[in-house]
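Presented below are the structures under discussion, each in the form of structure tokens.
Two complexes, one shared chain (chain A), two partners (chain B, chain C).
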Partner chain A sequence: MVIEVDLVTVLRPLIALITFSVVAPLLGYIEGKLKLKRLTGAFATLGLLIALLLSIDMPKALLTEGAVASLSGFGPPLGVEIRVDALSIFMVLLFLGLGLLVSLYSIKYMEHDTGLDRYYTMLLLLVAGMIGVAIAGDFFTLFVFWELMSVSSYSLVAFRKYRWEPIEAGFKYLVMSSLGSLMALLGMALLYGYAGTLNFHALSMIFSTSSVDPFYGYITLTLIFVGFGVTASIVPFHTWLPDAHPAAPSPISAMLSGLVIKAAIYAIARSAYTIFNPLIFNYGVLFTVFAVVTTTVANIMALLQRDVKRLLAFSSTVNIGFILFGLGVAAYGLRIGAIAASLMGFIGALMHLLSHAIGKGLLFLAAGSFITRAKTRNIYDLQGIGRAMPWTGASFSIGLLSLSGAPPLAGFVSKLLLLMSGYSVGDAFMNVVTSLMLVNSVFAAAYYLRLLQVCVIRPKGIRAETSKEVSALIVVPLVLLMIALVAIGCYPWPLIEVAQKAASILLPLP
Partner chain B sequence: MEYLPPQSYLALSLILLAIGFYCLVSKRNMIKTVIGLEIVTIAVNTAFMSLGWMRTYPANFIDPLAQTFVIISIAIGGIVAALALSLVVDAHQHYKTLDLKKLRRLRW
Partner chain C sequence: MNFEIFLQLYGYLALMVIMVISLYGIVRGASLIKKLIALTIFGDTANALIIFLGFKFGEIYPPVLPTLKPTLEDIAWFVSTAVDPVPQCLVITAVVINMAITMFLAFLVIQIYRLYGTTMVKKIAKLKG
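Now for the complex of A and B:
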């Protein structure tokens, strides 16, 4: 059952974020006049905290199929619609939670930069855009918030524009990603030309009748997949990512890698599963093949890197491959009738999305605090730095172990679910693909453990000797993320339940 | 008054799309890259309008949803162009050139 709710009630966190982002430049001006430090940062963190508190009654919608809100007089099928279901809540709480910790980390980390009013405005707008993407009920709303998210992330990548690297990386990211958005827009235009509506629910009704021309459907699906796939950094559209992530300030790398590419994967999943019924359109094979190519290529590239942030950036692409694999198994399993495997694949994809968002956010933040102390991004210059900075080193190790899939951490649960779902489909194609993913998973563990060995286990290098632990404001978010990884690994059941609820709403189960 | 049918506008948008992609792939000047991006934006907007019109064709109006979407998309295109050009200005201050081949220190 879908319940109707008031639009303002649903949009409260979004309204709070946008209000705070508008006021932030004013605070920046006052900060400059009064020579106060950290005022804007504290203000932005407060804004994110308030948005998180306002969205706390959102989980009530978990009890139903979803909550729908629309502008009165301009409702569906033509007007704007906001639709909150289990998947949206999962994403919104993840965006707000990690966004809050990143903002808290930025207060101290970014204090020597100029133009912080712009930084926090963009950060708040970035989170607002991602929340909007997650709660959109039609393509119009999704596209508007998508561009809000994209534009703020372009300017955040190029934030330190007095250096050459952010300018080049930002320009490259802007050109590639806005070309991708335009391809997705073309796909939406084709959908509109066919169906006359852009509402997800109405489109799913129209496209689930078997009279749809499959050729038209596949072209549209490809355009949307490629369009959002550029931002999700699926190989071969990933080339912006290894440049943009190292060039951005570390908190922004954590936001990009933890959340922005997840928002893109969310957009792919939402548009593929709601509109194109897997029983009619066979995209499971497409997703799994892209997943294998993505993980393999990015794994090989990651193995060759000497720059710690570049290595972590390639590893984000690897993990996007894993999430895409779960989505592919879900579609493929539905098509051949393996319902249990399909559900497990989707749950695995969502859990991996969560564990990678937390783990990679943690790793980028920890790498950022290593870099502030050691003034280098080369792995071998960072030798033994984890020993000099015990808290950061410990959280960095937990993050690496979680991503490499060591029990009892979050990454273990999600990788286990993904690989089990692949094998339990039980046909030859899926067995081969899952084995390739298993090999890739082990391969990925190899360079995570090498990073762990060099940065934490080896004796202190020259630069580590002079480094000391960063201040408490930076350590607190790291420790909180580390605790989250351990807690999810030990007790994942409530989250798995939410993921199952999301899967049962999104997948057209018989 | 006589109008061309919407199919002709769709064909125009495909031609524009081809021109835009050619511009993005072949031009080395950063400003020309931004122009290519804008041509692709215009092509996609035109495609949206003509596909919207095809649904109502013999009648002489386009559904307001398509029009709203395209107006928003034009505005977003303007924002992206402004941001891209500001990056071009920064790049020019650093390198005193706009040639993408010369400032390609990153591996593409």
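Now for the complex of A and C:
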């Protein structure tokens, strides 16, 4: 059952974020006049906190199949539509939660940079864009918010514009990602040309009849997959990511790696599963093959890195491969009738999305505070720095252990679900693919543990001797994220329930 | 051959060809400025293609309803004569976004020129060492 709600009630967090982002430059001006540091940062954090509080009654929609709001007088399929279901809530709360902690971290971390009013405006708009992507009910809304998200992330990557590295990385990211958006736009336009509507629900009705021309469906699916896949950094479209993530300021690396690529994976999942019924379109194989290629290539590249942020960037691509694998298993399982495996694959993908967002956010933030103290990004120069900075070191270790899949942390739950789902499909192709993913998972654990060994376990190096713990404002978000990882790992059931609800709405189960 | 069908086929083909050429320009452009130009051409071509998808030949009217309180006949007349407004909405949104992206890209090129003194891709690679 779908309930109708008022548009303003659903959009409240978005309205709050956009209002705060408009006022932020003004605050920056006051900050400059009064010589008050940290004012804009505190203001932006307050904005995110208010948005989080305003979205707190969103989970009510969990009780139903989703809450729908549309412009008055222009209901779907004519007008724009906002649709909040279990998957949207999952994503929105993740975006707001991690966004809030990143903003809190930035207050102290970005203190010495100039142009902070622009930074916080863009940060708020970035979160607003991602929330919009998650609650869009049609492609038009999705595209508009997608571009809001992309444009703010381009400018955040090139924020330190006086250095060559961010400028070049920003250029590469911008060209690739805007090409991707245009591809996705073309795909949407072709869908419109075929079906005469852009509404997800109406499109799913039209495309679930078997009289659809499969050629047309595959073309649009490819365009949308490639278009969003550029931002999701699926190999071979990942080349912007290892440049952009290290070049951005550390909080922005955490946002990009934790959330922006997840928003892209969300867009792929939403458009693929709602519109193209896996029983008619066979894209499970495509997703799993891309997943294996992505993880393998990125794993090999990650092994060769000496720059800590670059290594973490490649590991983001690896984990995108894992999430894509879960989505592929869900589609493939549905097609051959393994419903339980398919559900488990989807739940695993969502749980991995969550555990990787939190874990990688934590790792980038912790690496950022190492870098501020040691003034280097080389892994071997950071030797033993975890011993000099106990809080940061501890959270860094927990993040690494979670990503490498050590129990009882969040990464263990999600990787277990993913691999189990692959094996329980029970056909030869899926067994081979899952075994490859298992090998890749062990492979990934190897370099996470090497990073752990060098940065935390080894005795203090030269640079670590002179480093001391960062201030409490930076440590608090790290510790909160660390607690989240442990808590999800020990007690994942409520989240698994939400993920199951999302799967049962999104997948066309018989 | 019917002129309209010819025009439509020719239009689609021409747009596809331009798209491929501009993709080549983005990948292989010698100067960053050329890459920028190729990207704007790609964007405009994609927009033109979308306009084409919603276009209607024959006797057409602009997509504006002549009355404020349309009856069913008015809407039926509108649907049968007017050009579909949704692709145009999409395109106008995309055009505005493309403008922002082009401005930002131009800024980045200027900044690269300030830092390196050149916009040629090969020279930049050499300067980086």
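Simple rule for what comes next: the second predicted complex is superposed on the first by the 510 of 510 C-alpha atoms of A that agree within 3 Å, B and C clash if a C-alpha of one lies under 4 Å from a C-alpha of the other, contacts with A are read in each partner's own complex, and residues count from 1 in each chain.
Heads up, the rule we're going with is that a residue touches a chain if its C-beta (ideal position, glycine included) is under 8 Å from a C-beta of that chain, and two chains touch if they have at least 3 such contacts.
Quick caveat, the model's predicted, so the values are computed rather than measured.
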Using the touch definition from the top, say if A:Met205 reaches chain B (first), chain C (second), both or neither. neither
By the touch definition at the top of the document, which applies to A:Ile336: first (chain B), second (chain C), both, or neither? neither
State whether A:Ile280 touches chain B only (first), chain C only (second), both chains, or neither. neither
Which partner does A:Asp243 reach: the first (chain B), the second (chain C), both, or neither? first
Going by the contact rule set out at the top, does A:Val439 touch chain B (first), chain C (second), both, or neither? neither
Comparing chain B and chain C in the superposed model, the one touching more of chain A is B
Quick one: is A:Lys161 in contact with chain B, with chain C, with both, or with neither? Answer first, second, both or neither. both
Does chain B (first) or chain C (second) touch A:Val151, or do both, or does neither? both
Jot down the residues of chain A that show up as touching in both complexes, chain B in one and chain C in the other. 140, 143-144, 147, 151, 154-155, 158, 161, 164, 167-168, 170-171, 174-175, 178-179, 182, 185-186, 188-190, 192-193, 198
Complex contact set, residues of chain A against chain C: 140, 143-144, 147, 151, 154-155, 158, 161, 164, 167-168, 170-171, 174-175, 178-179, 181-182, 185-186, 188-190, 192-193, 198
Note which residues of chain B are touching chain A in the complex, please. 24, 30, 33, 37, 40-41, 44, 47-48, 51-52, 54-55, 63-66, 68-69, 72-73, 76, 79-80, 83-84, 87-88, 90-91, 94-95, 103-108
Show which residues of chain A lie in contact with chain B when the two form their complex. 78, 140, 143-144, 147, 151, 154-155, 158, 161, 164-165, 167-172, 174-175, 178-179, 182, 185-186, 188-190, 192-193, 196-198, 239, 243
Residues of chain C defined as touching chain A within the complex: 23, 26, 32, 35, 39, 42-43, 46, 49-50, 53-54, 86-87, 89-90, 93-94, 97-98, 100-101, 104-105, 108-109, 111-112, 115-116, 124, 128
